[in-house]
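Residue numbering begins at 1 within each chain, and the chains themselves are lettered A, B, C and D in the order written.
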Amino acid sequence: MNTFGHLFRVTTFGESHGPAIGCVVDGCPPGIAIAPEDFAHDLSRRATGKTRHTSARHEADEVEILSGVYEGVTTGTPIALLVRNTDQRSKDYTAIAAQFRPGHADYTYWHKYGLRDPRGGGRSSARETTMRVAAAVLAKKWLADRFGVSVRGCMGQIGDIVPETHDWHAVEANPFFWPDAAQVPELEAFMDALRKSGDSVGARVTVVADGVPPGWGEPVYGKLDGELAEAMMSINAVKGVEIGDGFASVAQKGTTHRDVMTPGGFLSNHAGGILGGISTGQQVVVSVAFKPTSSLRLPVQGVDVDGNVVDVITTGRHDPCVGIRATPICEAMLALVLMDQALRHRAQCGDVGGVVPRIPPSAGG
Amino acid sequence: MNTFGHLFRVTTFGESHGPAIGCVVDGCPPGIAIAPEDFAHDLSRRATGKTRHTSARHEADEVEILSGVYEGVTTGTPIALLVRNTDQRSKDYTAIAAQFRPGHADYTYWHKYGLRDPRGGGRSSARETTMRVAAAVLAKKWLADRFGVSVRGCMGQIGDIVPETHDWHAVEANPFFWPDAAQVPELEAFMDALRKSGDSVGARVTVVADGVPPGWGEPVYGKLDGELAEAMMSINAVKGVEIGDGFASVAQKGTTHRDVMTPGGFLSNHAGGILGGISTGQQVVVSVAFKPTSSLRLPVQGVDVDGNVVDVITTGRHDPCVGIRATPICEAMLALVLMDQALRHRAQCGDVGGVVPRIPPSAGG
Amino acid sequence: MNTFGHLFRVTTFGESHGPAIGCVVDGCPPGIAIAPEDFAHDLSRRATGKTRHTSARHEADEVEILSGVYEGVTTGTPIALLVRNTDQRSKDYTAIAAQFRPGHADYTYWHKYGLRDPRGGGRSSARETTMRVAAAVLAKKWLADRFGVSVRGCMGQIGDIVPETHDWHAVEANPFFWPDAAQVPELEAFMDALRKSGDSVGARVTVVADGVPPGWGEPVYGKLDGELAEAMMSINAVKGVEIGDGFASVAQKGTTHRDVMTPGGFLSNHAGGILGGISTGQQVVVSVAFKPTSSLRLPVQGVDVDGNVVDVITTGRHDPCVGIRATPICEAMLALVLMDQALRHRAQCGDVGGVVPRIPPSAGG
Amino acid sequence: MNTFGHLFRVTTFGESHGPAIGCVVDGCPPGIAIAPEDFAHDLSRRATGKTRHTSARHEADEVEILSGVYEGVTTGTPIALLVRNTDQRSKDYTAIAAQFRPGHADYTYWHKYGLRDPRGGGRSSARETTMRVAAAVLAKKWLADRFGVSVRGCMGQIGDIVPETHDWHAVEANPFFWPDAAQVPELEAFMDALRKSGDSVGARVTVVADGVPPGWGEPVYGKLDGELAEAMMSINAVKGVEIGDGFASVAQKGTTHRDVMTPGGFLSNHAGGILGGISTGQQVVVSVAFKPTSSLRLPVQGVDVDGNVVDVITTGRHDPCVGIRATPICEAMLALVLMDQALRHRAQCGDVGGVVPRIPPSAGG
């Protein structure tokens, strides 16, 4: 199961410290203009090594298009994308090949497969998400061109710090995808202290899609929200997913939560743009909880593959807050799910639907 | 997309007020002993009309086994289960056939399909979940017989009320699946007042699986936690899913969150029994947020299918807290995901794995 | 694996002598007008017991629509169809429950599942194909309404007898779906003699689809011809499938086989309407080889489940030529494959294609 | 749809004259020993340019393993294999970019996708089958190691020439995979004359698997024979597939066709090793019809993309009998289907089955 999607299918491959990572995008509509340089922007946003707040690993992440594109446009055949790994440093990890790092997949891989590639976490490394971001570039293009759908994201919490204001313009102007510019110095100080301490911290990311037409999503299984939940939970270190008000709904009354429709627009969006598994035409809102990374240079008592007690020290290059780089990954998963649902909707209902008036996303806008 | 699962596939069908609901379970291992009466216990736990705290609809929910069982055991061929609807009262709903109820799938179905079955919510009704519970009876049996896996669940919050103690014995002894017997009178009073007010409230459900061996789950897509997230989010009214500590992980440090392994057992279970998408052998813990139902007799301004302003009053029989009956449904989805993952693990890795010592779920237990 | 199709998915269930057979059609477009009586014509064409040349079993084959249809049209939700078995006569088969009938699935089911439902062949009976024919009624309607696609079939050979002329009008006017009316008396004599002898014979069926637009089919796997091959081979007793000239192509030269295109039309159709896995717009032509049924009242030496030598006599009601009733089944599979490919084409390429002039199917027509 | 298989999934990518072709093998069991040089033997058998009887294109076909293998064994994660194209000669094809070659996918691709990669047939080239052969190397290894299954194939007919004897030892000793050594000179003369004439011819290939245990295959859809039919039909230029006696069954009587079982073994194998979609334990026998290639240097009148009449001359390098190199490809597809069915059988029925005595494949052997 290294394929994501039903009709727009992304199959990824590659280990963190193997020769390369890559993906095959199958089911892509023909006629999308794409060039190797189109991948650079989003890949750069998720890349490590650009600031002191992320892992020191530096990868060029140059995408080679191996197939499926002719004279600059997709042809409808599978699009293979390849990124060579150049900064593996396998030697960093050899000491822990026979140990189970707490909070990692070491132990579970051994029990699943009977063996494990220990180099940099192998397949369980977040390096795999590079190819999700690359594949989503195609999805974002098609969604934008055909429907005007746009996808964006930002951080919603790091440790105990939450944004006091929300300004989309601030998000791309700081290394934390943080929507409140005034808090960036506080965050930098917090992260510097955290890094020095050798510890790590969790984070919350929120991604939204604007312009999604009503009617996308399957009503029972394969719901739009259901597939978003799986998509986000498939990102390394994710422990929770919310749609719209999420867990805050638990304490709400129905009279509060139900989003009133008027001919001039919806009056609220507690639902996060999805009702009955199908998009309402409002903004789709997804929040994601990232755990603190377990790769710490602070030693911890552990167990090795023979059942002996050992001291586990993880000496590689790691992110003190894996959630920081996760914003473009969450955006990518949102785009991939929307793309897939758009194609599925077109398959079953292509030329029906839309027989009732469309209500604006918001009465205000 | 009315099929859940990859190898243990449950296809459900039926509308709330159609002649019947049912499912086809495909890929079921042969040799499981099953009889119509085996479904009664779990179906009764999710049934409406048993106390004043749930919808007044009363269905017998008698399961007819149409295929796939011979001389009391499954044969490996598809198992079709049928439940006739007997208490539909379609007339309750005719007044709102041309209206969009806020917070319901009315509007989204129109935009998806260009038409809608208005009788009792049609396919979008929670009545569909009856068949999930029925199908999961097969999964629970196999999981228990082969691996000693047990699945159970309880309420974790209703409105602002949270349990003060946790006693599994209390859960089945009150109509709320509530783990703190002392709070039941308070809950009853709260629910009575809520029902009289005509409003509704959200809820949080937690389900756990004990006995899951390490090694189940796919490591990238099709992760155990990813599929649990989709499974839970596919239940009507769900807005959030957490694995283990979930959103609480955001504010945690890595030194806290990472669950230390010792030869005598894991020292904590912040991860909720899953690392890298694969089970650790600890208790699998999933929490689910249910929104307050939007079917309220309190009127609200709305829109009809022609775009006109209307007063929407929902006069049918509804649950003031849909989360109450959701506990067995969440258990069912947990069982279905585990069953499917167990078969997939057996397919790929059947006779490998387990070459390293197994660590007990908990150092205490 | 009791589901056929990727987007138009038909899941069948039921045993020959169980309480019922049925299917769930998922992914069906909304808005197709359908009523229970629409199934009668095609089900009658494949039914047994109408002439002395087919099995004496007589089933009413009344279809109950359990879901997915509201006010006479499909709603986009799963359509469950149910047919009760009424003429099972289980007692006919009890004598052979512990025997392996040669040429039957008895032996293979035992080895696959470790047990077997012996009543009338259980799941391996051709009774299952009833539901394929029923499901295909929906597909045929949509294909005809949207694209003018029509599907029809006839016998191409019984034993050594081949038609000397081909007249579509003759096909439905005799019990053999035979396209040469003059040969019907010869066939009747042949079949009467065969039935008296207790033996059986093979048959060849050819089905065609007219009106298929160019561009349907996946080019590598999931080819239109590939899926037709699987579809036909999934019918009981099929041993071979040909597209267009089929095995006759082996002795052909390229200058003969390649179908010349002119602006006025294709000059031949050796390809059977498919090139590179994709429809050309010509008639799609599929031929299917049926083996002689192995259910004979002529005794044969065999083996029982304990490995002992036994005399096997099959005393049930059987078809002396299973291919006779197979024509509507082959038509059904052709329609189901086309329907599925049409939806998949719409998903990926919906509004592209057709930018080059369309060449008429035939220069003559 | 560029993925073959359900549990052992092979996704191929690449165009004939693009930078590379490749595949991702997902779901492969861990622990299979594999090295780049293991692919050489089978790839060499299907390669062009080794004798004058196949296309003059010469590709090194060096396989790079990009992922999924650690220290020489598969790890259970996806295995990406890459082969760079080195001898594309795109210039050979530019003249026909705007023409529809008769018998090719040019016309159908245009109608499907609205555009086409004309370089060497693009995706529709048989070059894609290189990766099927590569992927099947993994399958063959696992099938041989676990079950002793072996797969092999030979030519059964070229034009009107059929083997007079059958000797497996002869097959690999001539460039035609021909089982009758005495006929090789006749074949060489025939092929030389054909090549000089500029024409092409069809062929028949037969592949067999020995050692398949009884019980593999799904009984209704996803039958072993059904999937073999699709697998073979997915190979370029295939027009027919037979299992066992295939179309010869049409003229057979049931008393002839049904394969009698005795405790000492089956007395015949008309069924080709499959009953009810499930393997019997006998030799699995599949025959495949290849059409004569349509790429001929003999001119033919045709149509261009604007609907004008043109003279079509195909000047590239082509096989006069594409069936010659198809033997290893058919073997590969047989191995891939068996591998997938083996895993599916293990998933559903893992530890059941085999409760009845196993009958030897043949009473003679």
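Following the convention adopted for this analysis, a residue touches a chain if its C-beta (ideal position, glycine included) is under 8 Å from a C-beta of that chain, and two chains touch if they have at least 3 such contacts.
Protein names from UniProt, one per chain: A, B, C, D = Chorismate synthase.
Source: prediction; values computed, not measured.
> Pick out whichever of the two, C-D or B-C, is joined by more C-beta pairs in contact.
Counting C-beta pairs in contact, C-D comes out ahead.
> Can you tell me which chain lies farthest from subunit B, using the average of the Cα atoms as each chain's centre?
If we average the C-alpha coordinates per chain, D ends up farthest from subunit B.
> For subunit B and subunit C, let me know how many angstrom lie between their CA-based centres, rounded off.
The separation of the two C-alpha centroids amounts to 39 Å.
> Report the inter-chain centroid distance for subunit A and subunit C in whole angstrom, where each centroid is the mean of the CA atoms.
45
> So, what's the distance in Å between the C-alpha centres of subunit D and subunit C?
Chain centres of subunit C and subunit D, defined by C-alpha means, are spaced 26 Å apart.
> Specify, in ascending order, the residues of subunit D that touch 2 or more different other chains.
1-3, 12, 27, 30-31, 76-77, 112-115, 123, 219, 344, 349, 352
> Spell out the part of subunit C that touches subunit B in their complex, as residue ranges.
Interface residues on subunit C, with respect to subunit B: 1-3, 9, 11-15, 18-22, 24, 26-27, 30-31, 64, 66-68, 70, 73, 75-80, 82, 112-117, 119, 122-123.
> Any idea which subunit B residues touch subunit D in the complex?
Those in contact with subunit D are residues 7, 27-31, 76-77, 219-220, 343-344, 346-350, 352.
> Enumerate the contact residues on subunit A facing subunit B in the complex.
On the subunit A side, the touching residues are 1-4, 12, 100, 102-105, 107-115, 123-124, 128, 157-160, 199-204, 213-223, 225-234, 236, 238-247, 249-263, 270-272, 274-281, 289-296, 298, 300-303, 305-309, 323, 344-345, 349, 352-359.
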